[in-house]
Amino acid sequence: MSRAAAISWRFLGIALTVLVGAFAVFMVMKAAPGDPALVVLGEQAPPEAVAAFHQRYHLDAPVLEQFWLWFVAALGGDFGRSLTIAGGTSISGLIAARLPNTIFIGLYALILGVIVSLAMGTIAALRRGRVADTVATSIAVLGISMPDFWLSYVLVFAFALGVGWFPSYGFVSPGQSLSGALYSGFLPAVAISAPMAAVFARTLRAALLELAHREFVTVARSFGFAEVFIFLHFVFRNALIPYVTVIGLQVRYLLGGVVVIERIFGIAGVGSLMVDAAFGRDYPVVEACAITFLVIVLGVNFLVDLACTFLDPRRAN
Amino acid sequence: MSAAILEVRALRTRFRAPGGTLEAVRGVDLDLHEGEVLGLIGESGSGKTVTGLSILRLLPESASTEATLLRFRGRDLGGLSNDAFRALRGSHLAMVFQNPAGAFNPAKTVAWHLSETFRRRAARGREAGRREAVADWRAAAETLLREVGIAEPARILRLYPHQLSGGMLQRVLIAMVLALEPDLIIADEPTTNLDNIVERQILALFRRLQRKVAASIVFITHDMTVAAALCDRVAVMYAGEIVELGPAAEVFNSPKHPYTQGLVATATALSGGGRLREIPGEPPSAFERLPGCHFAPRCSHVRAACTAAQPTMRRVGAAHEARCVLYD
Amino acid sequence: MPLWRRRLGALVRNRTALAGAVIMAVVLAGITLGAELMPYSAVDMDFANILSPPSWAHPLGTDSFGRDVLTRVLYGGRISLLISFAGVLIAAAAGTLTGMASAYHGGLTDAALMRFSDLLFAFPSFVLALFLMVVLGFGVQNVILAIALVYFPIFARLARNTTLLIKEEPFVQAARLMGQGALRILFREILPNIAAPLVVQASVGVAFGIVIEAGLSFLGLGVQPPIPSLGVIMADGREYFQRGPWVLTLTGLVISIALLGLNLLGDGLRDLTDPRLRRQAEL
């Protein structure tokens, strides 16, 4: 099968997963206790008002039909309206406004994590068994062991309240000012990226060490290639495969971290929206946020998979 | 006899292992003459591969090699720094490896491997002071691939290693070594991992190329018949040292060392003559150091003098030696 | 020497696993015995000592109600660890059974079960947990369930993949030929051989489960006060972070130490049980 066909198949698979996922989310939400009508109108609402509410929002129709209506609308970009927390506002509008912030922080954290882990992992592997390696690996183990929301407070305590280099709260959206976003987003991004960087570094180090013992390294040496050349093209290049794969696997945890961090730093993103909606029992918003995150994860996994097919010739066909 | 291109005396290689120190090569002496094919025969664990790797300084850090003499074309190799030695590798010294599938970079095409080899070749020219730029490497690569018996070189160049069979990969590897135009090639069991038909083809290839390129080859193998067919002289290794050395035909037809005799008998039996007689027992583990001859526990001619002290090489023919007290 | 003694010896010699085990032992001792031995109560308020910084009398300081933080953390640690452990245990049991059955029967069952598992896995862990708390309601039981559901697909996949590898081994084929029932084969032949990576995964899972619980409770969506899980204590500490940063910071530190222990232990166990690594270590 050609590469284009394989990619198209993949895409179809993702679309199917989103459909099934949305269905599952919708159905599970329906099982949740509580009547949205009572949530919006209040516990003491008169039955006629409740019935009218039900009719207006198709809550009296068969469940499958409700899903179908909802899904069709969603495909057209309409996720309905917020029930409680932003009464009446279009949900897709809410998410559209907040998504760039979430993606910005997520990407910021990812890039920081990749840069740090590339450095740490490579140094640890090259200086295996020596001081630098022990230090790097210890930092990595510590990094994995810290809950990211705790780390963010430590960072705030040290760098914001302490020396005052960074703000302890508030986020400037990249739409308003890129430099402002980079500045105000630094601490949150570092907090999220720390456990990620640790995992990436460990994976890279292990991969580099394993590949350094492979036979093609000895063969390359017998051809008289320089050590640096061998490291770059034989060892590092092939270590990228498991490295990129792990990045894909960790995105799920990255997004989890984003949710809590958004709340702590007051970042207006999809994560904090979901938390607010959870407290406000605004079910449609919670659903929409869950599905948004699902799509992000699937999208990133798709990109990572694509990258892997380019990196690993054995997977291309 | 032509000049010696490689001279090795008292080569010893030790490995640091969790169980102790492993002495894989216990004092090997050999000479390789200009243009000859020297066979290095032995079973697994005899130290033949390690000998090859030791000469080329390709061993891991846990290994230590020493020799009283290690000379290439009169130049002392032992005193060279690692960088200086690296300059020799891939230009004057090269190796063909046993497992072609594991020898290539899985992420790169055959074309990349060949172009980097040609670049290495060109770099050597620069180091020697002469610019030997290989501008159109692709044409040269295709010619070489055809030489080693690959019918559609252009197509093969585009492929990745995992898409080629073992036989094809071995041919490509040989082509790469030839591209370097080395003076000395160490071929480590290049046909062991290939099936019989392919093996015969590769051996024929070696014969053809060796005549054409006039390289000096150390041909490592466990297969006596292969060595007999291809080599000018052979050295038989057992337990880390050479136990017999001489012209191939002579060693094969009248082996002097009991171990060689056993090998020859097995080889003849396998190729259709008579009963297969096994050499009883097993070679000593590389951790063991016996006071006397290491073959003594398995030898049918053993006597008191054998276990008393390490036997030395005795002359048994014009250019034929054997390490056995039988020939005092 | 019996197998278990050899294994124990290997564990002791592996410094990572040993360090992890020691830390975990200290942590466990703290939350079981230490909590009882502390002179303070975890819930009684002491308005005379509000928000006092760490001192000899109160090693982790006191909170806004004057309660000794160390005592609360020890009790909270017990609760958080139990919650996480329960969740992971349920996930491991359900996931392993599902995975093994899926691999053993293959075909449509396998495809269906794995699709379901993958769907669960496609959601970010915390988002899934959050979603479940909304649907099920807050509280300790639902946090356990949420952790179980987050970890179920991981165990299912792992059990399935390892079972697939073992399924074709000669001793399993032999058992089949001898007419042993499927259940018996699964439990007596296959399960012991796939246990090792599952245990490693479980240790990592408990560590992360604590983080999920802490995160949920920290946001107010998990364990509800007055139950002093670690997340709840941190949520408390967050209210007055600027005035009394030690509550949140030191509680988090304790969590981190526990996680460190679990991670080291998991690492060490992985080193010990991964046959590839073992062979490399022997070379």
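Some notes on this structure:
Should a chain be cited, it is by its letter among A, B and C, assigned in written order, with residues numbered from 1 in that chain.
The criterion applied here is as follows: a residue touches a chain if its C-beta (ideal position, glycine included) is under 8 Å from a C-beta of that chain, and two chains touch if they have at least 3 such contacts.
None of these values were measured; they are calculated from a predicted model.
Farthest from chain A in terms of Cα centroid separation is B. For the criterion of most C-beta pairs in contact, the winning chain pair is A-C.
Centroids of chain B and chain C (each the mean of its C-alpha atoms) stand 55 Å apart. Rounded to whole angstrom, the centroid-to-centroid distance between chain A and chain C, based on C-alpha atoms, equals 22 Å.
By the touch criterion stated above, chain B contacts chain A in their complex at residues 53, 56, 58, 60, 86-91, 94-95, 97, 99, 102-109, 116-117, 120, 124, 160, 162, 173, 176, 180. Against chain B, in their complex, chain A makes its touches with residues 213-216, 218-226, 233-234, 237-238, 241, 311-314. Listing the residues of chain A that touch chain C in their complex gives 17, 20-21, 24-25, 28-29, 31-33, 141-142, 144-147, 149-151, 153-154, 157, 161, 251-257, 259-260, 263, 274-275, 277-279, 281, 283, 286, 289-290, 293-294, 297-298, 301.
Across the complex, chain C meets chain A through its residues 118-119, 121-128, 130-131, 133-137, 207, 211-212, 214-215, 218-221, 234, 238, 241-242, 245, 248-249, 252-253, 255-257, 259-260, 262-264, 267.
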